[in-house]
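By written order: A, B, C, D and E. Residues from 1 in each chain.
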Amino acid sequence: MGLASWLILLPFLTALGVLAVPSRRSDLIRWVALVGTGAHLVLTAFTTLQFWQLASADISMAKTATLTKLYFVERVPWFKSLGVDYLVGIDGITMSMVILTSIIIFTGVLASWNVVNRTKEFFALLLVLVTGVFGVFLSFDLFLFFMFYEVAVLPMYLLIGVWGTGPKEYSAMKLTLMLMVGSAFILVGMLALYHYAGGTTFDLTQLAQHHYPVEMQRWVFPLIFIGFGVLGALYPFHTWSPDGHASAPTAVSMLHAGVLMKLGGYGALRIGVYLLPEGAQYWGVFFMALTTINILYGAFGAIKQTDLKYFTAYSSVSHCGFVLFGVASLNLMGLKGAVLQMFSHGVMTGLFFALIGMVYGRTHTRIIPDMGGLAKVMPWLAVCFYIAGMASLGLPGFAGFIAESHVFLGGFFGNEWSDPMLTRTLTVLATLSIVVTAVYVLRGLAKVFQGPITNPHFLELTDAKLTERLATGILVLTLAIVGLVPGLLIDLIESSLLPFVNRLHATGALAVAGHP
Amino acid sequence: MADFLTAHAPTLTHWLVLTSALFAIGLYGMLTRRNAVGVLMSLELCLNAAAVNFVLFNRYLAPTAQGGAERLDGAVMTIFVIAVAAAEVVVGMAIFVAMYAERRTVDVTRLDALKD
Amino acid sequence: MLMLPELIIVATGFILLVLDLFLTEKQRDLLVPLALAGIAAALGALWLTPDHGVLLGGRFAMDPLAWWFKLTFLIAAFVTVMLTSGLLESAAPEPRKLHSPGEFLTILLFNLTGMLLLASTRDLITLYVALELATIPLFLLAAWRRDALGGEAGLKYMVIGALASALMLYGFGVLYGVTGTMRLDAMPALLHADRTTLYAAALIVAGVGFKLTLVPFHMWAPEVYQGAPPPVTAWLSVASKAAGLSVLMLVLFRVFRPFLHDVSFAIAVLATVTMTIGNLVAIVQRNILRFMAFSAISQAGYLLLGFLAGGSVGAAAMVFYLLVYAVTNLSVFAVIILHNQQTGSTELTDYRGLSQLNPLLALALMFGLFGLGGIPPLAGFVGKFLLFSVAAQAGYHWLVGVAAVNSTVSLYYYLRLVRQMYIEAPAEGAVPLKPGWMLSAGLAVTTAASMLLGVVPTVYESVRASAAAWLQSLGQ
Amino acid sequence: MLASAIPTLVFYLLAAISLTLAWSVVTGRRILRAAVSLMGVLAASAGLYLLLDSPFLAGVQVLVYVGGIVVLLVFAVMLTRTTELLEDHPTRARQIVGGAVATGFFLLSYNMMTADAFVGRTLSPLPKNDVAAIGRALLDTGENGYALPFEVVSLLLLAAMIGGIVIARKPAVAAKPEAFHG
Amino acid sequence: MPPLSFILTHAWLIPAIPLLSFLLVGLVLRPVSQKLAGLVATLAVGTSAGLSWLLAWDFLHLVPHGQPLPALVPWSFQWLHFQENFAINLGTLLDPISVMLLVVVTTVSTLVHIYSTGYMHGEPGYARYFAFLNLFTFSMLGLVLAPNLVQMYVCWELVGASSFFLIGFYFEKPSAVSASKKAFIVTRFADLGFLLGILVIGFYAYQIHGAMAPDLLHGQQPLDFAFLTRPDVLARLAGLNVHFLGVGVLTLSAVLIYMGGAGKSAMFPLHIWLPDAMEGPTPVSALIHAATMVVAGVYLVARCFPIFATSGEALTVVMSIGAFTSLFAAVIGCTQDDIKRVLAFSTLSQLGYMMFALGVASFAHPLGYSASMFHLFTHAFFKALLFLGAGSVIHAVHSNDIWHMGGLRKHMPITHALFLIATLAIAGIYPLAGFFSKDEILAAALHSGHTVVFGVGLLVAGMTAFYMFRIYFVTFWGKPRSEHAAHPHESPWVMLAPMAFLGVLSIGAGFVPIPEWVQLPGAPVEHEGIDLAVAIPSTILALAGISLAWLLYGGAPERVDNLVKKLGGFYVAAKNKFYFDEFYLFVTHSVIFRFVAQPIAWFDRNIVDGLVNLGGWFARTAGLLLGKLQTGQVQTYGSWLVSGVIAVVFVLWGVLKSGGN
């Protein structure tokens, strides 16, 4: 068992550990979950260091920035006759996503400290979900990938349905079904990929050796992109997101917006762009247009929302639009921006939802007009909220800016397969969102935290507790570190993205080798 | 008269028209009769028609088609069909009787407690 | 030796029949273990049975896939008997008790014999009688309780069954007429793609479609599933369907093999219609047995995908999925049977709060439903995946899409039940269910199997190997 | 000449009888009359078997079918109340649907019967099919024997009998019928 | 050149110290001790100021007297790597304007910090206030030192954010909250232009960069100012035959970048945020909205001046908007009653001055460039002093309205004296600082042949004198018009001392030879000293303005009323700032929110989501309808079954016919 497997297994073992605790010992349950996820954080940090050392050694030895290797590869033949392997490994993109997930789940557990109803099942499901997420990020076998993908999606139903608020059953069902329809698209594409390559392997690195016919790429790529796009809140397949987020409990919103939605962008990148470069070239500008709509539509949609969660959900639609926009722009900066945006939006929106949960836990309302002046009684939360808001409007110094600047440059620089005037116009339209974002973020936050206190009952409210400070603190710190020292993350990502770009241009080292 | 009859001696097609018609009439009965016993009777018509078919084919086609080895497959099949028909009637009657004891009706169109 | 499992089952049936005469009401509780022992012995015998060989002048033949079918039948029977034990015992709650356990088990075992033989037949005559043996006793089992609904279910089943069987018989006749032989293996060489052959094929498809609940031959299913005693429903949802598949494979792969590729579009249409209608109607069901009926209908649609690519992959996918479906469906029925046995209810809403009353049962039921919905890592996922893969291999990518979207629709109604169990609060005064040990064991075994089959590749690999060997024996 | 004319005449006669009686089986309002008609159809079929040189089958037909099955049906009819003996006509809709479907089936069959495979085939003699021959064949376990289906059918009949008895006899315990849970 | 001194190589220390102090104050000291927080923050900025002076000294002595001062980037590191040959280096760009602004920013900031320890005494958010002031100082210094467009943009946004937090310092006050939002959003809108400008110029610069031989690049990155302002690069950019809406790339990007600058410097029509920004604490207004941040736009244009100059058209835009803004703001400034708002409009007007000074400059007539920077320099001091003075007054009177004041000169003599100095300075009276720089600007306009602009400049000079003395007279002369105005008390020395220091600077800054030091690289020296042809009319107009103010406001108020009546609608419009706020409010709330945001939200909930729900409804309805087929009639089922057979035959037949052999 190597590091990659442990990264997947640890949350699952933690889930089992949680299940082993008697349900009345809810404190112990929380601690088990916290220790498990904390251990995962440590393991992730260790893996990152290891990866860092190995990769930089290889890069300096090969005298090229292109990283054509996976690390910590484990391959165990599974369904041999189908060519299904248990194949996990790590490259830079994976690594960054693992870091993100690990942070989010740890803080998510902290933010769920006050879940009292059916605590055991809650944490167990949460951890199963996150097992699926790690599985998706780490697996390099399409079958395994898809399998984990569904494992990651389904627990959401119960997590929202049982522990949610509002029209939770409806939201949970809508979310699950829409995502499953998305995965149906993916399945079609995936099986096409498998059979067009001869039907002998699901190994992503080997499928990448196969050149698919252009016509095939042209019909499979949109399936894959839309399929993953549903999870990535691609317009107009995003409507599960506002309802889902609004109904979900705090940690679930965090995980969902923070991590799960990233699976969409990740899949579109890893499978769509990587395996189907010519399909991507054909469809790139179309999806740029669609995601431009996403970006603006989400931002404008957020302006008039009155529920904090809807507000954040629409902002997520807008921000996830950047991810897919970056992917569709098909150049190094765009792709990098997409990955960076996944990371930054993950942390940022995780922070947002954590804070909303904390505020809601105190005020028992999420309706923006009902609140006011809360900064006076909960300065910590207010500051964190403002930081999250500033990060989300792309203030330099936070991760969002790094990501957005990459995405904008990527979009503006365009690619040789799309009309440059079109991609630039779209980029210009997309940049409009930085203003609209400022409008809704500031309006929303001003109403909630600034101004006079509207409800005398608010005066009795308290500021964040220690666990909450820890959770929000970690997230804020992450945002700031990435924003201030972007090189840390960029160096992880960039080398691993170069093979994608090379494939698009059909030059250089095309494929990633899947063997150690 | 005899000439006429000889000229119009039934061919396989005539036979088949007869059995098809019998089967179709049986079908009509199965699909329309209200009395469950009537339905079973119609079923017997169908089975009977099908059984005749087997003998018919055995007689007209099978011996030559097999290239020598003469066989009685069709004829034997008929026996099995009759046996199966018997079994079906037994089962059908048993259920019919049980049904009647419970519901006091033998009209299949009134058996609609189970529906959407 | 080849026929040993069948012989053991028949013998067990007779022993039970005779013993029943001499036992008191109380002592008859021993019959269930005895039946189980018989089935277990047959399973053991099956293990020893070689997977190829012929008997009785070629009327009975073993082939590698027949072995798997027999395994499925025997496992299904074994589990069904376990699940039925609570209703067969003398202390069973009265209105739902199944009387005359000896006769019940005997008929079940004879029925099983029919299915076992079905997998091994090589000629139309045996096929016909075996199919009837695999069908007619089910009418009796469905009506076993003699109550209003059971009787109605039995009668409807009987009428539609007889109609389908008559049509199929007619089809057999035509087939016999066209080819002049009863031997299935001799037929492909004698068939031409003319309208007579099509006609025969359509008639036979109707007959098999009835067993396999293909749309539009499915309409009896919801009624019978609802009216029959739940254990019988479980049995016919699994075994009868498996029998249907085994006949369909026999017919399509052995007899109509030359045309299979050309008519694959028709199969695709049939599959589409079946899964879509099954799923759509399942959405609105309120009765869990009807619900399971439509679910089973849609599953039949998925199964059909395996015929699209005529190679061993398709056969393997179908056989594997059948096995997975059998254990998964039985695990679901285990809970349904128990619930019905102790509450008398079959309403979906009466499952509310089950997760709080019986967490493990609810979990098992959820796993079962997710397995049917094709959610990883349950075996249902792998099974469906394989079937979809066959469709994709045959170039039916749109059908993969249809099937996958259908899977989503099915998830909707499976989740409806999950919602009742997990999200709704228990009804006031609801008490936890108390499963008997035999039912618990059955549930545990099927649940475990429905997970392991998807994770441990051994079974699939064996099926795949068998399918390859079988294909070779077909001479392709 | 006559040798071929008489069977032809008989054929058409039997065909006419069969069809007429069959029609009365499926449309007659009196169930007992229908039973009698069915008996007639089956008997006519026995005649047809004779025409097809299968006297043994004709015998089986008369004994089992006419003698056994129909009598069983009549008994079953007798068990029910007399009011049920006179049956209502099916609704017009059902007649139309049933008629359409049955006609459709017939046309389909007819279309099939004009296919090349069947047109122009003439009678050929059946092999020896007397009681002894068929009896031997039924018990023969060889290639030309039918031992297996024979055993299977025995099982089937046994099962039908046992089950039929269990279901049809009066319940041992006067169990209250369960409410419809539909 | 001699080896660089310590502070020149480590100029990064100057912004770094306030940053550290921000973190220290914000994270550690804020909850511990308010007093300590203020002290640490002030000390930190003070240290930076000291270092800046030191740096300025060293910088001026880098080259022998008379030679043009160099532009160098002694320290930088790669921060953001976009792709091959396209990276962003953070670093410190030292050239005359950055060093000058470094000194201005740190000095004014230090003084404001000191002043604030008194002004903000006892406020609940005292430590928070200092933390943000530190953050602002850091960001502003980073902006000043930026060697490339991206660092500029980064710090640009950060000053915007700190400005936002400081304007909204009194976060319980709704007007402050909305002012802060407005400031941020309006500048953010302008930054959109800046960002697009970076994208446009970045793309083409990257292309040119890539096409150049590596040894010609000297390690410059595409977005470095050093690269962008190279004549060869500019020539290539100007030569690009790419047009967007008929505008060339160079002009387009310059105008877009100018849009960013116009937002920060509150040029018309993006000026609306600045008057409202006066809702912040007065020292903040002094530092951010008078002396430093608002000149960032001017600084940006100056930084990119070669781009604008090469484009030409862009420069015309800069000039026209600048000139119009200076006049426009002056008109409004004459009518406002809030002392800080008058100062704000005066700032606007002066910023317009600086902008059009840049606009009239060119490579042939570089005087405007130096003049603009000179005015930036002097304006920082006297405008800061004006604000601090106003703060002192407000502190005493507890009101912003000049009509609540009056006769303060007796009770607040020091404040009065200093305010007078500043007022004279801004009015352009010799020998105070404003005179020299204003004179230079007017001269530049005149000599470059922009007569109309010169005329506007003269007019504005007179108006400036008028409205500044208007508030001076109303505030300090006459009788007290309110309770508080009757018994004010002079401010404490911590407030007066920095004011006094600024007073000294307001007097003396004009003698600093900025125009000598700040020269447009590669242009001829065009410094002429005092041009009497300019100085005399401007001084006359200034004196006329002062006299008019005395006439109107020195004595009887009814004269004003008469005048107001005569002016009628124009006065009302000017008093209401020509209804620009209302217009923007209408556009955002009634047009964008109502006709874009609201419909989108509705569309999403009802149409897009409706389609999803429709899918669900469709499935359910189909299920229900298909379920209706289960009539319970077994014979119907039978009919279906037989029909099924017929259907299967047809399907098979069709398939075989079409697809089969």
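To be clear about the criterion, contacts are C-beta pairs under 8 Å (C-beta built on N, C-alpha and C of every residue); 3 or more make two chains touch, one makes a residue touch a chain.
In this text, all values refer to a predicted model and were calculated from it rather than measured experimentally.
K.L.:
Return the chains shared as contacts by chain D and chain E, ordered by label.
P.N.:
The shared contacts of chain D and chain E, listed by label, come to B, C.
K.L.:
More C-beta pairs touching across which pair, C-D or B-D?
P.N.:
B-D
K.L.:
Using C-alpha centroids, which chain lies at the maximum separation from chain D?
P.N.:
Greatest centre separation from chain D goes to chain E.
K.L.:
Hey, which chain is the most central one here, using CA centres?
P.N.:
Centroid comparison flags A as closest.
K.L.:
For chain A versus chain D, what separation do you get between their C-alpha means, in angstrom?
P.N.:
One centre to the other, that is 69 Å.
K.L.:
Find the geometric centre of each of chain A and chain C from their Cα atoms only, then give the gap between the two centres in Å, rounded to an integer.
P.N.:
Computed value for the inter-centroid distance: 42 Å.
K.L.:
Measuring from the mean C-alpha position of chain B to the mean C-alpha position of chain C, what distance in angstrom results?
P.N.:
Computed from C-alpha means, the inter-chain centre distance equals 28 Å.
K.L.:
Quick one: chain B and chain E, Cα centre-to-centre, how many Å?
P.N.:
One centre to the other, that is 96 Å.
K.L.:
Can you list every residue of chain B that touches 2 or more other chains, as numbers and ranges?
P.N.:
Those would be 23, 26-27, 30-32, 39-40, 56, 58, 60-61, 64, 76, 80, 83-84, 87-88, 91, 94-96, 98, 101-102, 108-109, 111, 113-116.
K.L.:
Which parts of chain C, given as residue numbers and ranges, touch two or more other chains?
P.N.:
Expected reply: 125, 128-129, 132, 136, 140, 143, 146-149, 154-156, 159, 163, 174, 177, 195, 199, 222-223, 226, 281, 284-285, 412.
K.L.:
So which stretches of chain E touch two or more other chains?
P.N.:
In chain E, 627, 629-630, 632, 634-636, 638-639, 642-643, 645-646, 649 touch at least two other chains.
K.L.:
Which two-chain combinations touch?
P.N.:
Chain-chain contacts present: A-C, A-E, B-C, B-D, B-E, C-D, C-E, D-E.
K.L.:
What residues of chain E sit close enough to touch chain A in their complex?
P.N.:
Interface residues on the chain E side: 78-83, 86, 150, 153-155, 157-158, 161, 164, 168, 171-174, 177-178, 180-181, 184-185, 188-189, 191-192, 195-196, 199-200, 202-203, 206, 588, 593, 596-598, 600-601, 604, 608-609, 611-612, 616.
K.L.:
Per the contact definition, I'd like the list of chain C residues that touch chain A in the complex.
P.N.:
370, 375-377, 381-382, 385-386, 388-389, 391-393, 397, 400-401, 404-405, 407-408, 411-412, 415, 418-419, 422-423, 457, 460-461, 464-465
K.L.:
Which residues, counting only chain D, touch chain B once they are in their complex?
P.N.:
Answer in residue numbers: 1-2, 4-5, 7-9, 11-12, 15, 18-19, 22-23, 25-27, 31, 34-35, 38, 41-42, 45, 48-49, 52-54, 56-57, 60-61, 64-65, 68-70, 72-73, 75-77, 79-81, 84, 87-88, 90-91, 94-95, 97-99, 101-103, 105-106, 109-110, 113-114, 118-127, 129, 133-134, 137-138, 144, 146, 149, 153, 156-157, 159-161, 163-165, 167-168, 170, 177, 180, 182.
K.L.:
Please give the residue numbers of chain C that touch chain E in the complex, ascending.
P.N.:
The touching residues are 155-156, 159-160, 163-164, 167, 193, 195, 198-199, 201-203, 205-206, 209-210, 215-217, 219-220, 222-223, 259, 262-263, 265-266, 269-270, 277, 280-285, 409, 412.
K.L.:
Which of the residues in chain C end up touching chain D in this complex?
P.N.:
Where chain C meets chain D, its residues are 10, 17, 56-60, 94-96, 99-100, 103-104, 106-107, 110-111, 113-114, 117, 125-126, 128-130, 132-133, 136-137, 140-141, 143-149, 154, 174, 177-178, 194-196, 199, 226, 287, 344-347.
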